[in-house]
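Please find one structure pasted underneath; my questions will follow.
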Amino acid sequence: MANSFLNELLHSLSDRSRGLLGRSRSAPVPGDLVAFGDQLLSGQGEASGVALARLLLDGYAAAPPNARLAFLMALAERFGTDPDKVESAIAAYRQLPGQASLQALHQAAEPPRQELMRRLNLAPGGTAALVRIREELLGHIATEPALRPVNEDFVHLFASWFNRGFLVLRPIDWTTPANILERIIRYEAVHRIRGWEDLRRRLEPADRRCFAFFHPQLVDEPLIFVEVALTREMPDAIAPLLAADRAPIRAEEATTAVFYSISNSQRGLAGVSFGNFLIKQVVEDLRRSLPGLETFATLSPVPGFAAWLASQRAEGKEREFLGEVAAAALAGLDDPDWSEDKEKAEAMRRPLLSAAAYYFLKAKIPSGQPIDSVARFHLRNGARLERINAMADLSRHGLEQAHGLMANYLYDLDQIEANHEAFAAEGRFIASAGVRKLLLTALPARRRHAPHSA
Amino acid sequence: MANSFLNELLHSLSDRSRGLLGRSRSAPVPGDLVAFGDQLLSGQGEASGVALARLLLDGYAAAPPNARLAFLMALAERFGTDPDKVESAIAAYRQLPGQASLQALHQAAEPPRQELMRRLNLAPGGTAALVRIREELLGHIATEPALRPVNEDFVHLFASWFNRGFLVLRPIDWTTPANILERIIRYEAVHRIRGWEDLRRRLEPADRRCFAFFHPQLVDEPLIFVEVALTREMPDAIAPLLAADRAPIRAEEATTAVFYSISNSQRGLAGVSFGNFLIKQVVEDLRRSLPGLETFATLSPVPGFAAWLASQRAEGKEREFLGEVAAAALAGLDDPDWSEDKEKAEAMRRPLLSAAAYYFLKAKIPSGQPIDSVARFHLRNGARLERINAMADLSRHGLEQAHGLMANYLYDLDQIEANHEAFAAEGRFIASAGVRKLLLTALPARRRHAPHSA
Amino acid sequence: MANSFLNELLHSLSDRSRGLLGRSRSAPVPGDLVAFGDQLLSGQGEASGVALARLLLDGYAAAPPNARLAFLMALAERFGTDPDKVESAIAAYRQLPGQASLQALHQAAEPPRQELMRRLNLAPGGTAALVRIREELLGHIATEPALRPVNEDFVHLFASWFNRGFLVLRPIDWTTPANILERIIRYEAVHRIRGWEDLRRRLEPADRRCFAFFHPQLVDEPLIFVEVALTREMPDAIAPLLAADRAPIRAEEATTAVFYSISNSQRGLAGVSFGNFLIKQVVEDLRRSLPGLETFATLSPVPGFAAWLASQRAEGKEREFLGEVAAAALAGLDDPDWSEDKEKAEAMRRPLLSAAAYYFLKAKIPSGQPIDSVARFHLRNGARLERINAMADLSRHGLEQAHGLMANYLYDLDQIEANHEAFAAEGRFIASAGVRKLLLTALPARRRHAPHSA
Amino acid sequence: MANSFLNELLHSLSDRSRGLLGRSRSAPVPGDLVAFGDQLLSGQGEASGVALARLLLDGYAAAPPNARLAFLMALAERFGTDPDKVESAIAAYRQLPGQASLQALHQAAEPPRQELMRRLNLAPGGTAALVRIREELLGHIATEPALRPVNEDFVHLFASWFNRGFLVLRPIDWTTPANILERIIRYEAVHRIRGWEDLRRRLEPADRRCFAFFHPQLVDEPLIFVEVALTREMPDAIAPLLAADRAPIRAEEATTAVFYSISNSQRGLAGVSFGNFLIKQVVEDLRRSLPGLETFATLSPVPGFAAWLASQRAEGKEREFLGEVAAAALAGLDDPDWSEDKEKAEAMRRPLLSAAAYYFLKAKIPSGQPIDSVARFHLRNGARLERINAMADLSRHGLEQAHGLMANYLYDLDQIEANHEAFAAEGRFIASAGVRKLLLTALPARRRHAPHSA
């Protein structure tokens, strides 16, 4: 590591000068990032670790794109596992098999970048910086497969650091600091928030709630948040819930809590799952504060339905599960304005619901799981698909992705555990009788009656 | 894992019943702890993970000692690495060497207990419970070497969770909550605190400070804390600093901050080092709030001196580095009351200081590091041994461990980095000219003059 | 106000220099306090008011006793009402009677010291300083009747500043800052707290609560606090409640909340009443958090009983309401150790209870109110005297003031309003049938039967 | 007070029922408000005071306008001073003159509404409700002179409750809760804030600050706030300060803090002055955190200039202080678009500045104070008029009220006290030499030379 610039720098890097360096930083020469990494790893991390970590992270943030990518590639290679060490550890294990030598092998096979990441996390703001670095890495992963192991190490460390035990649930309301609310506006991924007044309508009325998970190291950054409407019944469309002129009810009158939007905020934390913990904690908190609540359900998008149906129709397969009549009716979808014509829309309702029932209950991805990603999420959490609603989201986006369909998933506290087991262990798709019946009516007459004839 | 009791339990374990289970728990049968562990690992950790983790941790806390040890042994063995998986991973690596297969090998060699520990950390209070479990494990490690890899995994995870980036420095003063102050009294390890009035004398006067590191998950538990006296000069004895009737000075008058006690509070976190970060952060904070401070130094114990000197004298080696006269003078130590007789004490001063200089600068442990553990700590942090003080701690404990000696380590902000490098990289013991001179005078005449004749 | 020292001072008193003055203050010459007062009143209070107020308050705190008394006397006289202004206002009112001229008269008659006090309150810490000044004033009032109007003005202003709307109720527990707990120990006026461990026994167990009122301007000073025991029945003695070795119950098991100590902390706020608001708020809070609570009662001292009984016996009046037999039994009190002899104590029980019933229900102060000050407090709040307990407080203090008697006052939420009205409007002493029956049995046979013969 | 409805109500008004009453309140019959007031005053305020106060305040808020006015009139009359009591007190004073009887007279002349207001303040939210009531009262005062004494009593009580000692200064920034920021938008009175993005530009950049005073009882309500720009020089126009596309500087680079907007938020607190305390506290805080700041100045409107100049011109008086030439030039103002024509605007600059200098320095209201209300405010605080800027506010409002002029008032910490004294005691208008010179040039030649000839 004979880098005289670096050595000079480091020798002048007492804690005393850190403050200055921190502020009037100039972007370091690209090569330095890797050199900093070497230095950070070689030290004991004790005297200059914090300052050095900060220097590297600041340098990364200020570096041009090619230098940043070069650093990511160095994580994959230079800071990857040393095969020689692994060979030695294998040899030692062969000589004296046992848990101790296995552990030594485990340690020998750990890529040094993991320790580098832990040391980078020493810096003030280190966690946030690492989350942003990984977000950037995700953008390269398709073209640079060598980055995949690096990505896995990020997920491994983040899963440990963002363990549910370290997360804090906080209500988000109209008294929440503006810098956090601004992020809620920006991060909302399901039903776009159109500015501050729109946000206010989702937070301030007596029948609205919002909750987010925070991590002590990212105090201003909601990791994931859920928006809740308190209602008197399970809703079958989104527009009335968000209408600017609707009349709020008192929270005590509500019987139903509707989770109508769940948004992950940090792309850099993709793969670290918070959503299941969030919903359960929110259900518990709501039940405690509002004992009148009896039903906990979502009003959820059906993200893959339109694309799936298009592919079925392209191959003419829809007849198999809809029968000729309903399949023919689907042609109505080809009229771009079908949803605005009351009659046409009414005619589409049944065929769409039937197709959707098939989509949910029968269509699978290669792993054998349901094709709908939102369904996978809620079923894994122990919810059940309670109802499919036609004409439920007539926004452009809602029509494009799901021909206006939305779904209610029900969180029945007494069934959550059994539902989860049935889905996780046996792969069963838990749905209400009403949904299953749609499927039955969807099947062509012949197949539909088959069971009876058996 | 066909355990019908467990299965029954788990099926009734919805979130709904968790509250009840949490409260009216009865101690589970020993075997259950391991069964719970299997279950916790086998699940996806999503639906019942939090509740199951809590059940296991509560069960452990309530179990009898033999059941607890059995669970620890299961961590070592049952939840240890599976050799078959490792063999497969080695084979795969041989077939297709590269970072990807090395990472797969790393993962195959990871003992499942690591994941188990991460899932236990899901429970509310999980981190604290795991710290206590490891504290218990440390008590068995001498007699059960199989627990050593388990211990290493604890250290590995704790180092990640208690990363300095997650720690929060808080001043401790007389407005601190009583439950935390109570722990300060209990955990103080250097100069015992004799009740609340004694504590108050260390916190309330204008020339006293105390700081502790906290972790967000252990809110009421100081992890490590340092007590500071603000003075006009570097002190050479502990009693005047702690005297009940001393006259405080105004903080603005102080030129020197004396770190006179540093205590680690959590035995379960042994091996996870916070001390160096603590001192540096406190130095920074004090400099900001009190610009008049120029000197940052410790008044530290010399824990191994008396034992080391006894062993030297037992072998008659002290003559080699003290010369006959001074060595003979040490016989005065055999009078148990030597320190109470002013004349005798004065006669011991020089021989003791000389012996101590040799102890610090020359005596080494097998690894080649200085024998004094406190010296190792401060030198690694970049401090320098500034002064050795005779008759500095005349408490019974102080006489027993160090014949009344104490040391000042100086944190010179401009030298910290260089000192650290010299110690860490080259193994040099950084000491002031004054201390080194003691060593010179300690050498017998013949050797002492040698350099001059060269 | 030709005071050159003062003028010089004031002209140098920019906000810039305030900090220095505040710190390195030397005690001002006595006369200055009054001169400062003049200056503070003469200004518009706008530019230098805050600094001047602080100077006066600091000066008062540092001044010798005679200078302080001189300042208090100046409040009475120099800063008293100006008769000439009042005469003019009366004349103006005579000329043009009406609300406007009445208000002008009201203002003319307001002593300037009220405005002076308001301006002193501008200083940081001003409120606390004024409370301490009034505390001092109370010590002089018996010998200096001229201070009485000053005292009334303090009460008038404090009642406005410490209006219940500005008070904040806070639970006091083992996580409360030590500096506040220290004051709880010091201020406890009913059952002395013997150090931190004793305090802890009153705060930490699951069946103990403590609440205090705070004012935003006196953040570290509890104004009044109440200690509560959660029990399964209304207690008839204090020792078991405070026993070091008692077994706590779970809060959820409790049916009864016992207010066993209410202490006013600030003598300077005497006459500004918080106690009634405190008890009601605590009852509301406890009911909300512990729905199992059904009974809210006190275990209270009977402060004046022994003195009153002695005076009755000195005049031989006790025979009138006890009858000869019971009155004779009271002679047992003359044995100083009566309470330690089980038999003797048992013999005293009935006569004491009967005498106490008479003391509560019949003995009055000149204004016609009950003689017992604690009874007046609780009855005015709407409580009822529920039970008198013999041998309830056998501490030396308890025997001296009440021959060991204690009383339970019951706060029955459905009766509070009616009880208060009956007491406040009609002067009725609300007591349970049990207490009233004691009175009946206390009356000599002749009078007791009289009603029947009517 | 034989009001059976009221009595019934009160007897059912235990604390138990308060919650219900509080919630499902129906608007009370008008007369009740006064009856409630009688009841609230007649009681001891102890048992039912809080509930009764709340009932009255809720009733007032729900009552129709005529009922509310009737209650205000009752405050003036029914709850006014009782002349008989005053007569008795006068008689008593005549008989025994002295401070005690003067105080009794003072108390007799206090209108009972003051006590009523204090008792209303017992209710949760009472302070805020009373502020709103007074705001309403201000709207009637011009037509109902009988309300004037009521208004004075409000001011008297508010001055006591909102004493500077009870106020808390808080920075307002982009992390402030949204509900408070929303009020900043609404209450800004000087330069309108056009929505959240505009607000953000005033709070988030490194060279912007905002501070507000809060009262513990009105936690979400800023009482007064000031917006500050950190700059490198004293600005001479408002538009560049507020430009959306300006480039912020680092706070450490700033030498000047510009108070460019001060807004009182609560009309109900008119007459209770906070502004002077606010500016001084903000200056102190800024100096501490940014030692590079040397100059503290405002950029202020000149609210009455255009109206005053119009009146001067209407009477042809402007020639007296401007001379013929400049006076003639003012005719340019009659062109409504003069400010948009660069040449015309330039020609107006000098005459306008000269006229303004006369307006500030010579024009007086009947009391002898300067005619400009903003000047009165800052001069009373010890500032000096530093500069008058032409073409400084070209917004429609700025042109209408001041022909585009704005003023800088300078807060020179070393002169504040002397300036205040000179203004408050001697009525001197403190202005810079530059401003005074404008005046000189404004005077017609004859008078201008007069001093020299004397």
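A, B, C and D are the chain letters, set down in written order, and residue numbers restart from 1 in every chain.
Note that in this section contacts are C-beta pairs under 8 Å (C-beta built on N, C-alpha and C of every residue); 3 or more make two chains touch, one makes a residue touch a chain.
Worth saying up front: this structure is predicted, and the values here are computed from it rather than measured.
With chains reduced to the mean position of their C-alpha atoms, the one farthest from chain D is B. The centroid of the Cα atoms in chain A and the matching centroid in chain B are 39 Å apart. Taking each chain's centre as the average of its CA atoms, chain B and chain D sit 59 Å apart.
Rounded to whole angstrom units, the spacing between the C-alpha centres of chain B and chain C is 51.
Residues of chain C in contact with at least two other chains: none. Shown here, the protein chains touch around one cycle, each chain meeting exactly two partners.
Contact between chains, per the stated criterion, is found for A-B, A-D, B-C, C-D.
Chain contact summary for the complex, chain C toward chain D: residues 10-11, 13-16, 43-44, 46-48, 50, 76-77, 80-81, 83, 86, 90, 93, 97, 99-100, 102-103, 105-106, 109-111, 118, 121-124, 126-127, 146, 148-149, 152-153, 157, 159-161, 163-166, 168, 216-217, 273, 276-277, 280, 283-284, 380-382, 413-418, 420-421, 424.
Touching chain B in their complex are the following residues of chain C: 174-182, 195-196, 200, 220.
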